[in-house]
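By letter and in written order, the chains are A, B, C and D; residue numbering begins at 1 in each of them.
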C-alpha cells in the first residue's frame, strides 16, 4: 500500500453518508404498517426534520456528503434529491423499495434496481454509485452496478480501505462499510417491526467513532460513516456528529469527500489490483441448507 | 419557526409525563399473567410505591406534570386519578385496557376509547388529551380524539416540536414523543412476558437525557419525557430524575408545563399550519403483505 | 413509616443473597443439556469455584449472607449446605428443581416444594425462608410457604421495603427483590439455552448498585441483592462486590443481615399491616388469553 | 493450590487466542449464505485483513499467541496456517466445519474432527490442542482429543485455572474459557444470520478485560482471551488490544504463553488431581425433554 494514491496523502479519508430510507424499510417488513401512524411518523421524521438539519450542519462545517436515497423515497418527496444536490452533496442509488437483494430473485432485483434509476433520471439526478438495501448485495447487484456504468458500490465489508472488484471484466470500486460505523446499531429502536432494541447515548457513540477514526488514521483507512436521518437527525445525536466532524477537522490530516470523488480517485490508483467478489462455494455434504 | 409562539419564549419546553400503566400492559399480553404474583407485584409497584414518591418529588421541585392513566387502572384504584389532580397535575387518557389500537378493529378501539372516558367522567376527572397505548395510534385514534373534543394527542413522532394535525377539518395538537425520551428502553426488564432485556444505569440515562435537553434548547424543541412509575419510581432512578429537573431549572430557559397547557398554547400559535396525519399509501406490487 | 422498627434504625438494610442454582436452570430448559459439557461446566463453576471464594470474601469483610439453594443442588453436592451454615450464613429454600411455579400445576409445585424440604431435613439444615425459582411465585407458592411454617418469602416486587402478606390468615414476610439488583441481567450470557445476551462491565454494575444503595438510604429501603455464584464468582465481579460492600460499610448506617433475621424483625414490627397477595382479576372480555 | 507449578511463579498467565473462523460459522447456519456477498466479505475480513495486522501487532509487542483454525479455513487459504507458525505462534484444531459437536452425532463429529487433522497433517502443521466450535464440546469431543494424543482442550468453563481431565484414564489438560473474555459478546453484529446484536465501545471492553486481568492476578488465574480476527481486527479494537497487552506487560508479573506450552506446564504440575468431565445425570421425572 506504500504507493497507493486513493487517499491523496491524507491519514484517513472520511465519507459521511446518509441513507434516507424514510418509510421504506418498514413497508418492506409488511405493507400493513402503512396504517401505523406512529411508525410512519417515526420514519418521516428523517426526510422532513432530519435532512434539513443535516444540510444546515454540513453547510456550517463546510463538509461534503453522500445521500443514498431509495427511488421510492425520491418519488414520494419530489424536491428532496434536487435539494440535496443543490447543497453540493451527492445523491446515490439505494434501491427502489429497500427490499433486500438477498430476498429477491434476479428478475425482481433487476426491476427494482432499474426502477430507481428511472426515478432519478426523470428528476435529472446523476447517479454514480450504489448501496444495497440492508447492505445485502448479491452477485446480481454487482452485475447491475457494472452493467449500468456506475463507478462504485458501497455495501461490502472485505476491507476498511477502498478496493476494486472485477465484475465480468469491468472494474467496480467498493467503498466498504461496517456495522461499527453505522448509527442503526446504536440508536434504532422499534418493537413492531422490530428494527432494534437498545438506545445508546450519543456520548458513547461519539467516543467509539472518534476512537475508530483515530485508529484509522494509524492504518490509513476509509472512515465510511453510515447515518440515517430518522435516527441521527435527533438533536443530541446531531450535536455528537458535529463534535465528531470538528474533531476530524482539527486533526488536519483527515480528508472529507463525496463517495463518487473517492471512487474516481480509487479507479485512478495504479497500485490496486482487481479482487474477486466474495462468493464462496460450499459443499452440501459439509454445510446443509 | 421564527415567529412561533407555542414556546412562549423559552429555549425548550419540558413536559414531564408519567404513564401509570400498572398491570395493563401485562394483562394485554395474556390474561393468565393475572396469576403470576411476581409480575403483578412488579407492575403494582408503579401506582402503589412509585406514584406517591413522584408526587412528592414534583411538589418538592415545584414542577407540574401530566399523568396518562388507562381507564382500567383508574377504575381499579378509585382514588388515584383524583389524588393526582389534587396535586395540581393533569390526568390524561391512555386507553381503557392498554391494548394497542393497531391490534384492534375500529369498533373495538372505539369501545375501548369511550369506556375510558366513561370511567374518568364518573370520577369527575376532566380529560383534555390522549396518548395511545404503546403509542400505536391509527387513523381511528385521531378521529376519536377529534370527535370527542380533546385538544391534543401525544403518540406520534413526526417532529420534536408540537404540531397541528388536521383531522376531518378539526385541529388536533400533536405533542410528539420519541423512544429516546422514554424510560422503558432503558430500564424495563421482564422475561415473561418479554417487555425488555437490558437494564441501564440511571447515570447513563441522566447523561443521555441531559444531552438531549441541552441540544433541544439549541433547536428550540419540546422535551416530552415519558416515564413509567413502575420503572422510574425505583430509588436511584428517582434521584436521577431529580438531578435532571434541577439541571433544567438551573438553565433558566426551560419551561415546564402540563400537556394541556402546551396544547392550548399550540392551538393559539398563528404560525403553525395544519399537517396531514402520516398515513402512507403503499403499492401491493412493491410491498407485499 | 415513621414508627417502623424493621430497620432497627439503619438508613438501609442490606441482605446479600446468593442463588446457588448450579445446573438446575439449564436442566429445567431441557434434560438434553446434561450432555453439553461446556454448559454444565459453566454452571458447575458456581458451587465449585464461586462459592468458596464468596465465603472467603464474606469472612474477610465480616458480613452475613443468605444462600438460596435448590434441593437438587444440595442433594448432588452433599457437603455444600452444611459448609455454608458453618460459615455463619443462612441456607434457604429455592425449590427442588428450579422449574418455575408458573409452569407447574399445584400438585407438581407441592411435590417439588416438599422434596426440597426433605433434602434439607435429611441434611439437618434448618429452613426458615423461600425464594421461588425465577421468582415466578403463584398463590400456591405462598400457601406452601405459610402452611410449612416458613417465616418469609423473597420473590415478589410490590415494594422495596419488607412487608407482611396475609396468607389464609397467616402472616408471611415478603423480602422483595428486583431485576435491577440482580446480577443475571448484567452478566449472564449463554446462547443455548439462551439465558442472557449482554455482558456488562463490573464497573458499570458497581456504579449502578452503589447509586441504588445510596438512594435507598434516602428512602430507607431494603437493599436485597441477588447474586449467582456462577456469574458473580468470576474474579473482577468479586472485586466489584467487595468494593460495594466496603462502600456500604464505610457509610456507617447500612445494616447487613441474614434474611431470616430481617424476617423476624419485620414480623415483630407493630406498624406493618397485612397486605393481600397481588393477584388480579381480569375480565376475559377485556383481556383475552 | 499453594504448591502449584503450572503458572511458573507468575501472578497470572495470559494466553492470547484467535479463532480464525472466517466464513465457517455463517455457512454452518445455512449454505445459502455463501451467496450473500456482504456477509461473506464480513467474515473474509478476518483472515484477509485482520490476521496480518494481528501478526504485526504481536511481533511489535513480542508476545506469542495461539490461533485456532477450522480445517475448512486452512484448506481454503493454503498459506494461512504456515504463515502463523512462521511467526512463532501456535496453530490449533478448531474443528473442520465449525458445526457444533452438540448438533452432530458421534459419527459425524469424529469425521469432522479427523478431517481437520488430515488437512493440518497435509500442510505439515503440528497440532497439540483443540477448541470445540462454539465451545460446544461433548464427551465424544474429549474422547477424540485424548485418543488422538492431543495434550489439551480449550472449550470448557469449570474453573479459571488450568485443570486436568481424566478421559478414559488419559489426562487431557483443560484451558478454560469464558464468555466474559471473548470479543464475540462485545463486538459481533449481524442480523442474518443473527450472530449478535450489540456493538460495544473498545473503551468499555478494554476497561472490563483489564479489570478481569487485575483480579485474576489476585486469584492467580489463567487469562485466556478469545478473539476473532473478523471482529478484533478492526482498527480501534486492535488499538484497545495493544493497550491491554501493554498494561499486562507493565505489571511485570503476567506471563504470556502459547496454549501448548501452558498445557505442558500443567501436565507437569504434580499438585493437580484428575477431575471428571462435567457430565450430569438428570432424572427424566424431574427434568423432561
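Heads up, the rule we're going with is that a contact is a pair of C-beta atoms (placed from the backbone, for glycine too) under 8 Å apart; a residue touches a chain by one contact, two chains touch by 3 or more.
These figures come from a predicted structure and were not determined experimentally.
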What chains do chain B and chain C have as common neighbours?
none
Rotation angle, chain B onto chain D: superpose the C-alpha atoms of these two copies and give the value as a multiple of 5 degrees.
180
Note whether the interface between chain A and chain D is symmetric in residue numbering, meaning over half of all numbers used appear on both sides, and answer same or different.
different
From the C-alpha centres, identify the chain that is farthest from chain D.
B
Determine the centre-to-centre distance between chain A and chain C, using the mean Cα coordinates as centres, and give it in whole Å.
49
Centre to centre, by mean C-alpha position, how many angstrom separate chain A and chain B?
34
Indicate the residues of chain B shared as contacts by at least two other chains.
197-198, 204
Going by the touch rule stated at the top, which chains touch which?
A-B, A-D, B-C, C-D
For chain B, which residues count as touching chain A in their complex?
102, 132, 134-139, 141-142, 155-160, 176, 178-180, 185-186, 197-198, 204, 207-208, 211-212, 214-216, 218-219, 221, 277-282, 284, 286-289
Could you list, by residue number, the parts of chain D that touch chain A in their complex?
23, 27-28, 30-32, 34-38, 40-42, 44-45, 48-49, 53, 72, 96-97, 187, 189-192, 197-199, 201-203, 234-236, 238-240
